[in-house]
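Here's the structure we're looking at; comments come further down.
Naming follows writing order (A, B, C and D), and every chain is counted from residue 1.
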Amino acid sequence: MCRWMAYSGEPILAEDLLFRPAHSLIVQSLHSHLGATTTNGDGFGVGWYGEGSEPAVYKSVEPAWNDRNLREITGQMRTPLLFAHVRASTGTPVQRSNCHPFRHGHWLWMHNGLLHGFQEIKRDLLMAVDPPLFPDIEGSTDSEALFFLALTFGLENDPFSGVARAVGFVEDVGRTYGIDHPVQMTVATSDGESFWIFRYSSEGRTRSLFYSSEISKLRALHPEVRVLRHLGEQTRFVVSEPLLRDLAGAWNEVPESSARLVRAGADEIRPFQPISPT
Amino acid sequence: MCRWMAYSGEPILAEDLLFRPAHSLIVQSLHSHLGATTTNGDGFGVGWYGEGSEPAVYKSVEPAWNDRNLREITGQMRTPLLFAHVRASTGTPVQRSNCHPFRHGHWLWMHNGLLHGFQEIKRDLLMAVDPPLFPDIEGSTDSEALFFLALTFGLENDPFSGVARAVGFVEDVGRTYGIDHPVQMTVATSDGESFWIFRYSSEGRTRSLFYSSEISKLRALHPEVRVLRHLGEQTRFVVSEPLLRDLAGAWNEVPESSARLVRAGADEIRPFQPISPT
Amino acid sequence: MCRWMAYSGEPILAEDLLFRPAHSLIVQSLHSHLGATTTNGDGFGVGWYGEGSEPAVYKSVEPAWNDRNLREITGQMRTPLLFAHVRASTGTPVQRSNCHPFRHGHWLWMHNGLLHGFQEIKRDLLMAVDPPLFPDIEGSTDSEALFFLALTFGLENDPFSGVARAVGFVEDVGRTYGIDHPVQMTVATSDGESFWIFRYSSEGRTRSLFYSSEISKLRALHPEVRVLRHLGEQTRFVVSEPLLRDLAGAWNEVPESSARLVRAGADEIRPFQPISPT
Amino acid sequence: MCRWMAYSGEPILAEDLLFRPAHSLIVQSLHSHLGATTTNGDGFGVGWYGEGSEPAVYKSVEPAWNDRNLREITGQMRTPLLFAHVRASTGTPVQRSNCHPFRHGHWLWMHNGLLHGFQEIKRDLLMAVDPPLFPDIEGSTDSEALFFLALTFGLENDPFSGVARAVGFVEDVGRTYGIDHPVQMTVATSDGESFWIFRYSSEGRTRSLFYSSEISKLRALHPEVRVLRHLGEQTRFVVSEPLLRDLAGAWNEVPESSARLVRAGADEIRPFQPISPT
């Protein structure tokens, strides 16, 4: 199972988010994500916004915990918006181009889940990708295919709708092949300003997804957690799996079949429903 | 520019083909292929037949000359038929799945050259690949796409015809996009028993390709070259580029627009002409 | 914690030992060793004897389960004696030269455990290595240092004694630095004909080590396990950790503080006691 | 032959130093350093100062030109002092811990050249390293050994003297082994504020080293080179080999047997003479 984390807020040193030791509620989650207890680490990736409008993406098939270069650069990486992902392959090769997050222009995308029967429906899905976008597909995963379908269906103008149409299309194709529950997903995508999260599966039983409580509330609940003092008021986290021994009151579950725009000020929450092409 | 070498003959230790020091006419060629003077080494691969009917393929993006594991295994690899390739990327990512040789079933394929305007015609080419074969495409190169088109057009039954149809198809598509000279190629492909080589380009100016003179003739010409004594009568080599300072009489040029079946006994040589789908 | 496996017996395809699916008692152990459930996979290595007198060693920092090249070559690797090891680093860098097995001449060495306080005593240990051997040390692990001490103390002539002296020396040095229990080890070493195993720790609480029951007995106990039919009478296995749900009667514990020569015919078993230099 | 480049001056985006296309005098040199025409690329490394007092170091055995992650991070790396190095191994393994620059505390070190007969004298050299420093040696190169000798002899207090004593010691040891010309080196080392360069060889025929003319002078000479407009007055470059087709007046040779402190304001130049321990 993949794990991912999204952060937005005050510019923060990536090393503090990804590696700083115990008593950091964020880092506890990330630590487990990045490998100390990971099984089947099939690559990882970090995408972040900083200089310029396009995010940088550091991805590798080396286990994150052993990646000395990752450690080095995160100590120098100050960013207001970061995505981190650890991959568990569902069959496609373990190579950098199959690691998340994927990038297109100034957009980032990461996914936990799978498109069932992908090998069978892959050709149909790729053929529906907008021809000018098609050559930009670098890897061979279902996750990247879903991203390019969302782009085809207008992600950049309206993420809620673009993703809904993409999922609707995949379900449509899947069902023609007799696949009952084609889509299993938690997704995060960003344009560098805000980020959108989605939790949905055709089966109605989606993998977990949590967003953080407000920092001021967290500081009040847990004065002993030092990293909270460094995080600003606009701090927002979304994680696929916090640790079980997590701090009470820190995490709130993202509801089944919902989508959320995470941004400074108030988030926007919507029910998520695929939009079928037919 | 990619470089490749194909060997068939008596079972021989791969290390003797790929690494043994000076005064080996074969090794001189291979040595330059594998990196001492390589520029733009964008990965390499070795495919060989041994146990079972399917060849094994060792591929890596590490420079071949530094690959300790390659050195180790070639000392243990005894084979009657081997392909070796060093890649110079024409744009697609440097990753294992984009290294040659490519494999499908018991067939191997390697290519030096390119399909011009590949990014533009890629979608059309991939859509022409036989749907059951489509999910087996692992990488993103023009070389692999050409292989899968050849398979689609019957490579496994008739390699001469399969490749001719594939090339004809690519030229056809290329020209609809205004690409004057779509195909540049030297190709080797094998089923484990024999191997076929092709030298062709739409422009009529193809990269070089050479086959070896008969071993008995070579031994007579060059008694000082020790490795020749280990090679049997059935030894056949094809190389993309022998060293300029090569032994006289050792290499013979494969003619422009020709194809050749290399096997025990007499080879079969044919002119190569693309077969257009129209 | 590292895991390792040693095999000797009839020449067997390494792929059958390392990758073949369920219902193989050996493979179950190995499967867990090679990564499906591995945590902290900090590299792996396979050493095997075949052509020539020196073993080949394939080592990598990529997780073994994702290593396509390993899969490929083990399908072509037929050997009568093989070592396989998965590393859990105790601090030194994760790099190929720090993976086991280590090789010197025709000897292989692998180790599970550690030398406590290694950073403090490292200089003393390395200075005791025979000067002609010193330049052959490639990495920075305690395991390799212990190997080179064993070589210094005559491993190649008398493994039981060489290892006992090496351990005695390390304990001696360790205690001058106030380290109570300097040595924790299970070790396997081979000259290509037989292999020696050691189970010892200064503390008297050593990590586990098991050797296999005779194949004929195993076949009688477990007729349903197909791979047993392919294994010859001389089959010998030693593993650091069989699966808990292991087949009854298959594994026998190597006693604490003991050493064993595993070979065709009868093994030789001895108590293991370090020989102090003083 | 290794190649290296040191930059100090206004904070600049590393991508502009290492990758920006033609008409950049700096980039031309760097482009050749980083691989387009590199032979024997045995790893590369970039060390730079930014957040905090310790530099970050990104090193890899992948050819620099193919390293997507390097490209990504240099677009986000803004620094006032950067070292870049491409390695040509003189025998020791190609692994990250053997790539330059080496780091100790807030010091960086890189080297082009070699210590002749290193395998023979290695033990003597390592034994002279200050015991508390000894465990920090991670790799197996002569370059790193020389660094640790310089640290032992007081590099951090007086780099001119520390390096002179280290070289004097190596020459002394080398000569006891009958090695005529033990040391061949161009070296750069930095504490994050300034950097020191050294050009010396026992033979008196050292590999090349060049420093840049003042930026204002360069701008006057070459108004067509755009990157010069982005570089501030304090820009200082030192390169091992500028391209032959370099801009006239841009590079000045560092004299044989000399050392130089490069810093804001006036540099300090001294003759370099080894200080023998005897």
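Throughout what follows, a residue touches a chain if its C-beta (ideal position, glycine included) is under 8 Å from a C-beta of that chain, and two chains touch if they have at least 3 such contacts.
This is a predicted model, so every value here is computed, not measured.
> Which pair wins on C-beta contacts, A-D or A-C?
A-D
> Angle of the rotation mapping chain C onto its copy chain D, from a C-alpha fit, rounded to a multiple of 5 degrees, please.
Superposing the C-alpha atoms of chain C on chain D needs a rotation of 180 degrees.
> Indicate the whole-number Å distance between the mean C-alpha point of chain A and the mean C-alpha point of chain C.
41
> Scan chain A for residues touching two or more other chains and write them down.
In chain A, the residues touching two or more other chains are 68, 93, 96.
> Line, ring, star, complete or other: which one describes how these chains touch?
Looks like everything touches everything, fully connected.
> Contact residues on chain C for chain B in the complex?
For chain C paired with chain B, touching residues are 13, 48, 50-52, 56-60, 68-69, 72-73, 75-78, 96.
> Which stretch or stretches of chain C touch chain D in the complex?
Residue positions touching the partner: 93, 95-97, 119-120, 122-123, 126-127, 131, 134-135, 137-140.
> If we count contacts the way the header does, which residues on chain A are in touch with chain C in the complex?
Listed in rising order, the residues of chain A that touch chain C are 35-42, 61-63, 65-66, 68, 89, 93-94.
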